[in-house]
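When the chains are written out, they are named A, B, C and D in that same order, and each has its own residue count from 1.
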Amino acid sequence: MIRIHYLEKEYDNGFLALNGINLHIAKDEFVYLVGSSGAGKSTLLKLLFSVEKPTSGDVFIDSVSLKTLPSKQIPYLRRNIGVIFQDFKLLPRRTVFENVAFALQVMHYQRYRIRKQVTQVLELVGLQEKMSNFPSELSGGEQQRICIARAIVNNPPILLADEPTGSLDPDTSWEIMQLLSKINARRTTVIVATHDKGIVDDIRKRVVALENGRIIRDSELGSYN
Amino acid sequence: MIRIHYLEKEYDNGFLALNGINLHIAKDEFVYLVGSSGAGKSTLLKLLFSVEKPTSGDVFIDSVSLKTLPSKQIPYLRRNIGVIFQDFKLLPRRTVFENVAFALQVMHYQRYRIRKQVTQVLELVGLQEKMSNFPSELSGGEQQRICIARAIVNNPPILLADEPTGSLDPDTSWEIMQLLSKINARRTTVIVATHDKGIVDDIRKRVVALENGRIIRDSELGSYN
Amino acid sequence: MFGDSFFFISEAFTSLKRSGIMIIISIATIAVSLIVFGVFLLLTANLNNIAEFVTSKLEIRVYLNNSMTVSEIQNFKTEIAEMPSVKSVEFISKDIAWDVFKKSFQKLELNDLVGINPLPDSFKVSMYNGREVKKVAKYLEDKFSGYVDDVGYTGHIAERIEMLAACAKYGGLGLVVFLTLATLFIIVNTIRLTVLARNDEIEIMLLVGATKYFIRGPFIIEGFIMGVTGGGAAVSFLYFFYLLFATKIQETIPFFPLVFDKDKLNSIYAVVLLLGAVLGTLGAYISVSKSLSYENMRIRK
Amino acid sequence: MFGDSFFFISEAFTSLKRSGIMIIISIATIAVSLIVFGVFLLLTANLNNIAEFVTSKLEIRVYLNNSMTVSEIQNFKTEIAEMPSVKSVEFISKDIAWDVFKKSFQKLELNDLVGINPLPDSFKVSMYNGREVKKVAKYLEDKFSGYVDDVGYTGHIAERIEMLAACAKYGGLGLVVFLTLATLFIIVNTIRLTVLARNDEIEIMLLVGATKYFIRGPFIIEGFIMGVTGGGAAVSFLYFFYLLFATKIQETIPFFPLVFDKDKLNSIYAVVLLLGAVLGTLGAYISVSKSLSYENMRIRK
């Protein structure tokens, strides 16, 4: 599903955020991406999502090279990848419902299907009561859950989660991780960048550890450290 | 130092976020504020910081009533309170250095003192190398650390931390919490809203637990649950 | 796609409703710049009218040879009348001219001094276009030198008035072109500022898989609505302002040649409204396209 | 405080440097609206000049009573010359007048027809201000009815020209007032948009303990710099454009009465620059104050 090939990413200011990354992730895998602050986790996810282009090397998603993907194709790539952003990226002037619905509107879903799927997913993350609130009227954890809802509402074949439980209490975190596992069980590739030692150690999955832009460990059913 | 007196907060949309809160916090205390997502932790901190006004009841800081505090006095109140915001609130068009320096500039610090103190605090949070980067060029955890640096740079008598380790890996989190403990030891009142069970359970302090806007537990050297 | 248009329109209205003060300020700016534009359209129209009015009173006097017969005079008159730039020709017999002359110098008692009428017969030639007076005068003098004793016209003053009229016409045209460009620039820029303020939103939309087409739609409709609203406000203002102003002037100086022609005024108002709509739409299109291509840059190499 | 001013200025420059396209667009909008303003100042100045030029050629003819003695004539002349609105008085004896008259009608051979000169002596009175021709004519006719046979002036055409001149003067003044308001509105709004886009920043500054005064400072200086830059650009444009344009016109129509007075032109350019500076500063002040009081609202009851 995802093949990363000698990937290198140097930012405009010359900072080398990723350095010689090689990684294969199969369709039904669930991968934790761990590493200290600034290790390059978000950068790697950004490359998978085509927010940044590789400096050298390449990323292949379903055999499509992101390096040569024409920019016109990017929206269609993105519709196949749900992303839980570390900084949420909610539309400030849209309600909770509209924020989640937007991901379906861009794909020209019918109105009634949008209403049905959005309501469902908001119930799943426990935000049905905040449906018509604006993001600024929500708590940090609630905002994070909208972002989760938006990422999974259209059942994308790939799900990238960048610190999906950073603003959530342990119980809610646990529920969200169970949800991601369930989604993974439906043959969705899931990659979770996280600092949550408790969760990584409890829900054992493949762990890829980054440090200074390099992979320093890649273990099946591994632990945080 | 801080007295909260039958505090109630109803938001404009009618949502009752805090309900009958009574709390005394002494000058040298370190308090964890825990509770599930949406419990009202951030709301309580916002009231302490005069970002929101109480609907009824009152908050006293050093015997000053925030309910009747004229808005002209608010800046001076805020200079005595360092805040680590849940959503960082960094100035996008200022560098890391400038963001931290700004908190001193508003207090008319001399240029050389600003340079000295900012450099020191950035070293403390491990960001000396990112000094002239803009916030958008930083990782989530790095942004959080600027926010921490800004909150503590002028040694305020009160420190409010809203989820200060939400974007940090366990090791960095541990360091930051040690730092906050050290600051507390210098007779700074520290209030930390957090979801980090590991830390609350390891670094034992007073724990105030909120649920649906009410205090449900207040225990000296308590645990997360 | 039809479904999309509907979506775009409802999105545009929701967005406008929620943007608050920023949109109000933009629309006000658009309205004001269109009012400036409209005021100068009205002004130019009135200047042209005044110029025409003043110059239309200019006339040529053709003094005829004493020897001409009645039928010769008749033929000559027809010939002049048939010239394309001539509006009308009036024959002034020397007797009438002498009476007028004497009346102008009543106190001189000319009859006592001058036994015989010294003046010739003449034609009073009115023109459609004041600016051709000089040309026609010259032409008549040259062509009919046999019949004509002298050709007079209001001379230097006429020349100066001609100049003013030309000024009003060409200057006015230049101004309209200049103001159209300035209005275009101001409106496009104003909308660009509102779009720039929403670059973050555009970036998020791109992140969740929206195509450029999909993002552009509502913005363009918003621009159109802003342009039309601003244009409408400008037209209402101009309409009432002109009515008030023109009535006031007409009361004070009854003969002042203002434009009251409904068709002319309506076409000016239509131009203002149309300019608002076109520039609003264009401004939004340019702005969102630039924002999109800028965001596109964010997918860095 | 002096230390603050220095801080504010350096902050303002840093902020401008980092704002990029938004500031450039704002400055361009400011420049364009000031150019429109300046063009109309120049236009009004020129219209007044033209009007003055045209009307200054208007003159009054005072036909004198045949019975007046030379000394009476001399006294009368002095009296007219001393009227404040009179520029000069020229005595035209009836002989000269008759010569001119005869020359105008050369082909009539008036000498043959009219034995004696039928025309009276007269004064040719030039005025400073064309618009007073009518008033002065009336005054002379009434006051000196004993001496004067008749007072003539260029009549209806004069009236129309007077009208135009009045139009140019008062209309021009009205326009300048109107355009000043419109420019003010556009510039203030433009700056308001740039400040609104930075409301988030203002909020953060308030959160870290900045006073309103401290936040306002750099914004106001930014506004001033934007206004001055826009004004400077506008003045440069106007300067070169006017030079080019005026030279072109002067080449084509040499007698066209354009304003070339350096002082007058410079004062127009100064007004444009000043307006930019004042409105930029004012716009920033208003905008940031509104943003601050709005943010103040965010401390909710």
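Assorted remarks:
Methods note: contacts are C-beta pairs under 8 Å (C-beta built on N, C-alpha and C of every residue); 3 or more make two chains touch, one makes a residue touch a chain.
Bear in mind that the values here come from a model prediction, so they are computed numbers and not experimental data.
The minimum number of touch steps separating chain A from chain D is 2.
Distances between chain centres, each the mean of the C-alpha atoms, put A farthest from chain D. We define each chain's centre as the mean of its Cα atoms; on that basis chain B and chain C are separated by 65 Å. Distance from the chain C centre to the chain D centre is 21 Å, each centre being the mean of its Cα atoms.
Per-chain Cα centroids separate chain A from chain B by 29 Å. Rounded to whole angstrom units, the spacing between the C-alpha centres of chain B and chain D is 61. Multi-chain contact residues of chain B, defined as those touching 2 or more other chains: 11. Chain D has no residue in contact with two or more other chains. In terms of inter-chain touching, the protein chains here make up one closed cycle, each touching precisely two others. Contacting chain pairs (ordered by label): A-B, A-C, B-D, C-D.
Contact residues of chain A toward chain B in the complex are 11, 13, 15, 34-38, 41-43, 86-87, 133, 137-142, 145, 162-163, 166-173, 195, 197-198, 224.
Within the complex formed with chain C, the chain A residues making contact are 12, 49-53, 55, 71, 74-76, 78-79, 83, 85, 89-93, 102-103, 105-108, 150. Those residues of chain D lying in contact with chain B across their complex are 3-4, 7, 15, 18-19, 201, 203-211, 214, 296, 298-301. Partner chain C is touched in their complex by these residues of chain D: 21-22, 25-26, 28-29, 32-33, 35-36, 39, 43, 50, 53-54, 57, 63, 104-108, 110, 113-114, 116, 118-120, 149-150, 152, 154, 156-157, 160-161, 163-164, 167, 171, 175, 178-179, 182, 185-186, 189-190, 192-194, 196-197, 253, 256.
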